[in-house]
Amino acid sequence: MQLLENLWYCAALKDEVSAKPMRRVICGMPMVFYQTEAGEPVALEDRCSHRHAPLSLGNVIDDEIHCLYHGYVFDRTGSCTHIPHQKGASANAAIRSFPIVERWGLLWVWWGDAAKSDRALIPDLSWTEAPDKRPIYIYFYVNANHQLVADNLLDVSHADYLHSSTFGSNSGQKGGAQPDSMTMETTTSDGKVNSYRKLENVTVGPLARKWGGFTKELDRVNTQMWEPPNIIHVQLELVNDENHICLNHDHIMTPETDKTTHYFMDATRDFGVENVGYPTDEDIYNEHYSVISGEDIPMIEAQQANIDLYDSLRDVPAKADRLVDDVHRLLRDLYANANLTLPPEVRRTGPV
Amino acid sequence: MQLLENLWYCAALKDEVSAKPMRRVICGMPMVFYQTEAGEPVALEDRCSHRHAPLSLGNVIDDEIHCLYHGYVFDRTGSCTHIPHQKGASANAAIRSFPIVERWGLLWVWWGDAAKSDRALIPDLSWTEAPDKRPIYIYFYVNANHQLVADNLLDVSHADYLHSSTFGSNSGQKGGAQPDSMTMETTTSDGKVNSYRKLENVTVGPLARKWGGFTKELDRVNTQMWEPPNIIHVQLELVNDENHICLNHDHIMTPETDKTTHYFMDATRDFGVENVGYPTDEDIYNEHYSVISGEDIPMIEAQQANIDLYDSLRDVPAKADRLVDDVHRLLRDLYANANLTLPPEVRRTGPV
Amino acid sequence: MQLLENLWYCAALKDEVSAKPMRRVICGMPMVFYQTEAGEPVALEDRCSHRHAPLSLGNVIDDEIHCLYHGYVFDRTGSCTHIPHQKGASANAAIRSFPIVERWGLLWVWWGDAAKSDRALIPDLSWTEAPDKRPIYIYFYVNANHQLVADNLLDVSHADYLHSSTFGSNSGQKGGAQPDSMTMETTTSDGKVNSYRKLENVTVGPLARKWGGFTKELDRVNTQMWEPPNIIHVQLELVNDENHICLNHDHIMTPETDKTTHYFMDATRDFGVENVGYPTDEDIYNEHYSVISGEDIPMIEAQQANIDLYDSLRDVPAKADRLVDDVHRLLRDLYANANLTLPPEVRRTGPV
């Protein structure tokens, strides 16, 4: 698995990590995460240098992690500070540590050259901390390649079919209602891909109606931005003369392996921010959890299973796929510049 | 997996397919099956050309199937008739369709060149519709190569050991009763292999005795015919001066993958055809289901698991294996003529 | 999987084998075990020569095993003595038989050239039959390579961490109590590796205290011997002015596959040998079963899973690893002399 390097990959929700060590395989590398007594996150290779036992089975004492198997101890930099019954530990007993930063309710790990890590490069999710907004966070595990998960979000048209009974607009179906107009624009600049998609006068699903107390047709505006490694910021606006609500979704895909993905998201709303009566955080969490785990993930996993039956495949894109196309085009450039082998998920949509 | 082409492969029992799409992988190809409003069966590749989502997750409307992911629509020929928010769909958005015919209570798919498909080549199971006979149908899923399932039926002698307590004859066991005589003849002609095997004056198992109300020893006559791709027609006659009953079994093996098989069968009887009192259809279904899923399939799956532990193996055939030998010889010819790589299941019994 | 040959591998606890056939894959070879009417053990390849069905699904009659599939019969030497409906069986219908001996409550199979099998080479476990001692036997199945299981026992220091709350000494932990002195000696001679490790004045876990009625600190002496293929004899002595008890552990690792191991052990005590009041055999069995299945095996399996994430790894040994090092050095010689490919588990600790 070749991955884009020198980028921050999301490794965990903030609340998943505590003084008790937690194992997660990130970018194919087993990592152990824990929090120091001062509350700072630590990310180490989850493998004792001695005999490769997972350190995550051990305990953290005085901010150091003790291997449960034979008592080796490592500090937060990965240095080995104790080997039982001997004085000192050679430098080659050290294990890898990874720059890790808590930001926006998430933990970000730098994958690449640690010397190049730069907090300024952490993706901006500042709306999650805006005074008039309110976020919830969810973690999903997906049995599919991370790009298939990303493409799901990039092809926002799926909301009208897969989510037609929840928060899609039900528009564009053959023989069904068509929007008064559909606008779709995409632009790539500064290594990011932006898109704007507006459907006018559409009927949205019951969930979306409930959020804004809508009874009539409305305009549905998706403003999205993709950035590496595979992060999608979505701003969904629903507006008519009854109400105007805005929901930010950040979807952050981190590869575990070629065929499995850690999928983190927040849903940050500008309605119901008092968190009393509908919708509370719990309502928003449950709605998103049930739609994504019940509609998106089964579809993506079925798509992966189908792809695995074939030696090779080509996509047949629609005009509505401009955003997927633009992102894949950028990924092809990024992979080529980094001298990495293009993964099949991106090759499938590229030039023959 | 290389398979014999330009043949009808059984894909489903008739009653398995309805207006609601059903997925099944046939010959390594994901297929979706559904019934039109007029009651005709449709078989399409179960993969949207857009991004490879299974169409079987979608819905059939006006005889067309709608992809649940992004709303592409395909008609029963595989042509793409709708891509949301755009006019027209290019011809390269089409997916494969497969000739499919309902015959003898089963659905048959043509695997190969569609232009060569010919209903006249559907195997003859006309006894299932004979006025004085009565069929039941069963579907089994087997974790073994389809040839191992077929060989089970071709080596009919297994009935005397594996099924000695149900419908075998218990004859030929070391130290046990021997039949008064055993006749075995096989002939190959016109691409089919016929066999005749008669055991005289044997004691059959309790199930077989119950079917015919037999209390005494009887003659047990198996008349079989094998035809491609891997279909075995068995006519089992049990006869003495008390009764004469006849049971037709059609065993139809369709590969899902190299190591998994769809196994369809009918059991068509000339006794109890009034379907009141013993045996009813339900009795015959339950007896066959329990013997095959409880005795045959565990043995075949254990055989496959054993074979998988070895790099290569050779069979050591008995004289009674003439039918297996004849069928494998014919298969070697069929594979050679079609320029296909011989599967290990047939190579194992052939010339070194 | 290349393995050292011409050695006795433990295949089963004595009580696991009876007149009813039992299947177990030993050294990658499916074997069926049964006991003759005279009580002697038989080991055959668990594969009918006819079509490779497991013989273990069949029955033993008159000390011969009958294949359930088509009635072939094999005697205890592997000769085929019956093929139904034909006279005689050719010699090529024979299957492999393996020299097998019951000794010390265990069944030992000779893996290699049967002509070289020699009962005198069966490992010595004579303490299990000493009049003042009392053994119990346990079988474990481990999802890890056999060498990882052996290394667990060879690096006896793990007891002080992994088993600190059961029978370890809790000594040597960073910031914890240190023994008054630690002695470690190893010697290799005659193809066996011996070690002696003594910790003075340590606090042992509650289990070990309970065995000997200890209330104070004590000396903990491990005397071990490793011999091929992968057998470790441990003598654990716990002694102070209150008591002196001795526990023999024999740990016997037999590969099933590269990544799965049959792990047999006895625990033979010189205390509570009256088997009334604490500890009874059941107490000793339960304590060992719970510690090994609850502490050792999860650690070893997690270690294997971690190793599998990497292409290659090197161990970083501690000074306390002298015994592992000596055994691996001897294994490298044994593999080289036998012209076998060194398994990665031993390569990882060897010269670069």
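In order of appearance the chains are A, B and C, and numbering begins at 1 in each one.
Rule of thumb we're sticking to: contacts are C-beta pairs under 8 Å (C-beta built on N, C-alpha and C of every residue); 3 or more make two chains touch, one makes a residue touch a chain.
Small disclaimer: the values here were computed from a predicted structure and weren't measured.
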item: Fewest hops from chain B to chain C - one hop per pair of touching chains; value: 1
item: Proportion of interface numbers common to chain A and chain B (over half same, under half different); value: different
item: Distance between the centres, which are taken as Cα means, of chain B and chain A, whole angstrom; value: 46
item: Chain C, residues touching no fewer than two other chains; value: none
item: Interface residues, chain B side, partner chain C - complex; value: 151, 155, 157-158, 160-162, 172-175, 182, 298-299, 302-303, 306-307, 309-310, 313, 315-320
item: For the chain A and chain C complex, residues of the former touching the latter; value: 25, 28-30, 46-47, 49-54, 57, 61-62, 64, 66-73, 81-86, 90, 92-93
